[in-house]
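To start, the structure itself, in structure tokens.
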Amino acid sequence: MPASWTLLIVLALAAAGFLIGRSRVLAAVGGDSRKLHSRTGYYGWNIALFTAVPALFLIAIWLFAQPDVNRMVLAGVSLVLAGAGLFLSLGRTAPDFRARNAVEAFVRGLLILCSSIAILTTAGIVLSMLFETGHFFTQYPWKEFFFGTTWSPRFGGGSQLGMLPLLWGTLYISMIALAVSIPIGLFAAIYMSEYASPRMRSVAKPLIEVLAGIPTIVYGLFALITVGPLLRDYFAQPLGLGTSGSSVMTAGLVMGIMLIPFVSSLSDDIINAVPQSLRDGALGLGSTKSETVRKVVLPAALPGIVGAILLAASRAIGETMIVVLGAGAAAKMGLNPFEAMTTITVKIVSQLTGDTDFSAPETLVAFALGLTLFVLTLGLNVLALYVVRKYREQYE
Amino acid sequence: MNDMRILERAVSQTDIKISARKVQVYYGEKHALKDVDVDIQDKTVTAFIGPSGCGKSTFLRCLNRMNDTIDSCRVEGRIALDGEDIYDKRVDPVQLRARVGMVFQKPNPFPKSIYDNVAYGPRIHGLARNRTELDEIVEKSLRGAALWNEVKDRLAEPGTGLSGGQQQRLCIARAVATQPEVLLMDEPCSALDPIATSQVEDLIDQLRSEFSVVIVTHSMQQAARVSQKTAFFHLGNLVEFGNTDDIFTRPHDPRTESYISGRIG
Amino acid sequence: MTDATNPAAPVERPSLLVPDARTAKRNAAEARFRAYGLSAIIISLLALVVLLFTIFAGGAGAFRQTFLHVPVTLDAAQLDKKGNGDIEDIKKVMTLTYGKLLDQSVQDLIAKQGITIEGLTDKDVANLVSKEASAQLRNMVLADPSVIGQTVDARVLVNGRVDGYFKGRVTMESAARDSNTSPAQLQLAETLKDKGLLAKEWNWAFLTNPDASDQRPEAAGVGVAILGSLYMMLVVLFLAVPIGVAAAIYLEEFAPKNRLTDIIEVNISNLAAVPSIVFGILGLAAFINFAHLPQSAPIVGGLVLVLMTLPRIIIPARAALKAVPPSIRDAALGVGASKMQSVFHHVLPLATPGILTGVILGLAQALGETAPLLLIGMVAFVKNFPSAPPAGLFDPASALPVQVYNWTQRADPAFMERASGAIIVLLVFLLCMNLFAVFLRRKFERRW
């Protein structure tokens, strides 16, 4: 409880500072607020901010870095800091003090701090994974990780941690997902923007986008209880291709469904960005609508669509829940799509859940896998964002 | 062989290429064009003039059914090309537009090479049996649009890389390549500088020898320079239609007179 | 220019009223293309319908549970041995005692109703009710000790297999092979149902109960998971929203165009596309291994979701700020407001609906996120409710999507129904949030 009490005391100090500062400057000019540089509230805010913010930051950072700190010490230090802030800012309070500028500079600093959290996050991701990956490579040769074709972790030691089977599973499933989502998503987008009546568009477009709002765990469950058994009973077993409900096909199909709205809404934006004058030009020459789309609109939109596909691919590679529930756990490098295979994300989950020992290579390998995943998706994203931005500039 | 065809066409040709009777156009509730009667002659440049929003572009777009692409638009009355009603249910607008080509206000070359831009129409309509014939059509069309000498060495470069005036002439070449009978031009010079404008105007004059040209323009001087017939539209009505000389020198309707003397517009 | 007089050779064309062969072919291609487009849309919508239908069909059962109504004589001699009604003494009596009492009551009920079924063993009778039923009975007594000594009509959960029989999951054939149930037990249940003593009833407990162990799927609920998700949403709301909006304001309104701003921008758009599991790894390394925050705690899950949600709040918030016309900023600056005043007094209020819409959609996405939470130990089996915040943020809890995953990993197929049921709860929450976002967008359409 002391943390909460400290918090309350700091806030109370700040509130008191606000009131004191405001009344003090008003008293200094005999109640005539026109003689002040700034409006009275700013003098109060100046004190409140300088009292509360540094102390609150101290508490937050200290608690984060060292949660088991002696709470009394923490309370003492932060109260001293709050008191110092109060005292100093109160000392500066005078009618000709530029309180508004001081408050605005302070707020601006806070805003900058907030926007740099994004960079901190990225740095955190990269550093945490680099650090542990480095750790991993001191215990396991990197060549065998990147080029090994066997994945068999054994917690007793003597594990083989080759990444290739996982990478193969990831790419295989992603390819199936893209093979499902690109034609369907693209054709849906074309139909929406070129053929559908406004009424149909206003109904079908939001409905397709509902697919994008459904959490991936739902798709995972769908793969596990519906699609998997269906494929097994009606395709894999009659064709003699496998007896497993979890398979590359199951995960790929369901992931494809998940990606449809992603591909279609991005393509829709991009197709709509193609100027109407190009369509008119083609129609005016006697093209049919489909000729206009295939020979003029799509080639013009191609870079943008490629960008959208790259983004979809990055999604597919990083997707976790669908493959955890739909693809299986067997690390294999086969071609049979009705066989269970596994992916990088599945193995990250399985190596990091349950009882984990952070000095064993079997656990640390997850960080190396995570870094690989991060680099792969980052590359795709940067490329995609670059392509899409170039495309947008072309028509702006 | 070409000469034979020209001969055949000369025989089959009637003087009036397009005749419009009692044409009404509605955009939803709005009655945009009322009772328009116009006869457009072959091998003639007909200009539509009038203040903006008067319906001249709307009427132009009726002539090759480009208005079909606007959902709320409805056309009534009869427009006939060579005596056949183009709004007949059996008419395929795709087939119609191959015979009534169109050039737009803003140059809109496709983001393809110059060659592919011109070859687009012949390809979709299957006008060439082989590459040689296609090359021939492209060259003829580019010559027809007075662009050949400027682009013959860079046919593979993108059409979007040309200057504004060149782009518009490329669009004209593209329309000519489909071998239409009528060429509709919707303010083709409004996005061009004076020099490019005069080049395109010269071109329009040359095109007259082969096509019936209909041009919408907001510039009276341009109408006077390039056209033989002029139609003046005002607030959705066709006010006056006649020889260009007559319209500009002896207008019958007081509204026409006000417009050409600059009092309305 | 002499070429102009001899353009491309004119082609003789037939009447417009007669379609030529080529046009017919092209129109057929057009019709095919259109059909592809339409079928793409139909496939997408069909997928949506099938997905929702299977989840709802599979999960609706979780909200209806089979209960047995059995008169239980709460024997004071066993439950309140000292006979003084002291709650502390009554608490000392364990569920085992209640279990025996319940077994006896069920036996009595069967005898009283004159039910005789061939091959019915005592074990079948004892297992008819859920293993959780004795705890239910005990809680009932602890809530109101005055019932001791009376005969009450207890409404207790029935075993998951028997419940499964009434939901079509268990058949007589499968029961014969199953050591946890028997055809005789199912016949007994059938008979009791005919007599109106056993029925499927609305099951509030699914929403309020905590998770239950492998042996008692019938008692499992999403109570702890809902609370855990709620706590995490609170963390996201109190951290991601102010930070995200502040960052958006800075980047859109104040940031100078320089390298640093560029880097931040590229960074944010990339972060929005980083796979969520990577945030889980970050959470594990930073919050648990480095900062030693407790595993399975909503605060850790919340912090991970904060980092993940930030870019998804910043991007739409910036779009909303950008949509406010510059004339409004100019007007404020023109009357002598500072840049800061023009933003906070004029631009921000106008952009609020747009920002809020983005915030809600970001929260909705965070609510459904599963993968990163698996890595920070939210998969643990949690039976106790976390206490009230802020202290409760550090107690172990579950989260709705993780609870779903958790149940899919259990052996008993009854947990699949639970998982689908939990998804229905999750989807209802998401639907409400999205409807609210749509409402906001409609209500505050742009006014300029």
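The first chain written gets the first letter, and so on, giving A, B and C; residue counts start at 1 in each chain.
As a convention for this text, a contact is a pair of C-beta atoms (placed from the backbone, for glycine too) under 8 Å apart; a residue touches a chain by one contact, two chains touch by 3 or more.
By chain, with names taken from UniProt: A = Phosphate transport system permease protein; B = Phosphate ABC transporter ATP-binding protein; C = Phosphate transport system permease protein PstA.
Since the model is a prediction, treat every value here as computed from it, not as a measurement.
Undergrad: Chains as vertices, touching pairs as edges: which of line, ring, star, complete or other describes this one?
TA: Topology of the interface graph: complete, with all chain pairs in contact.
Undergrad: Among all other chains, pick the one whose mean CA position is farthest from the mean CA position of subunit A.
TA: B
Undergrad: Mean of the CA atoms for each chain, then the mean for all of them together: which chain is nearest?
TA: A
Undergrad: Need the CA-centroid distance for the pair subunit A / subunit C, whole Å please.
TA: So the centroids are 20 Å from each other.
Undergrad: What's the distance between the Cα centroids of subunit A and subunit B, rounded to whole Å?
TA: Result: the chain centres lie 53 Å from each other.
Undergrad: How many angstrom lie between the centres of subunit B and subunit C, each centre taken as the mean Cα position?
TA: Their C-alpha centroids are separated by 61 Å.
Undergrad: Find every residue in subunit B that makes contact with two or more other chains and list them.
TA: Only 94-96, 98, 124-125 qualify.
Undergrad: Multi-chain contacts in subunit A: which residues touch at least two other chains?
TA: Where subunit A meets two or more other chains at a single residue, that happens at 288, 291.
Undergrad: Please output the residue numbers of subunit C that touch at least 2 other chains, ranges allowed.
TA: Counting only residues that touch two or more other chains, subunit C contributes 26-27.
Undergrad: What residues of subunit A sit close enough to touch subunit C in their complex?
TA: Those residues of subunit A that touch subunit C are 1, 4, 64-65, 67-68, 100, 104, 107-108, 110-112, 114-119, 121-122, 124-125, 128-129, 131-132, 183-188, 190-192, 194-196, 204, 207-208, 210-211, 213-222, 224-226, 257, 260-261, 264, 288-291, 293-294, 311, 314-315, 317-321, 324-325, 345, 348-349, 352-353, 358, 366-367, 370, 373-374, 377-378, 381-382, 385.
Undergrad: Given the complex with subunit C, which residues does subunit B contribute to the contact?
TA: 1-2, 5-6, 8-9, 81, 84, 86, 88, 90-92, 94-96, 98-99, 124-127, 136-137, 140-141, 143-144, 146, 148, 176-177, 179, 181, 203, 206-207, 209-210
Undergrad: If you look only at subunit C, which of its residues touch subunit A in the complex?
TA: 26-27, 29-30, 33-34, 36-41, 43-45, 47-48, 50-51, 54-55, 58, 242-244, 246-247, 249-251, 254-255, 263-264, 266-271, 273-282, 284-286, 289-293, 307, 310-311, 314, 338-340, 364, 367-371, 374-375, 377, 379, 390-391, 401, 404-405, 408, 416, 419-420, 423, 426-427, 430, 434
Undergrad: Going by the contact rule set out above, which residues of subunit B touch subunit A in the complex?
TA: Against subunit A, subunit B makes touches at 64, 66, 69, 71, 94-98, 101-104, 106, 108-112, 120-121, 124-125, 171, 174-175, 178, 184.
Undergrad: Touching subunit B in the complex: which residues of subunit A?
TA: 197-198, 275, 277-288, 291, 295-296, 299-300
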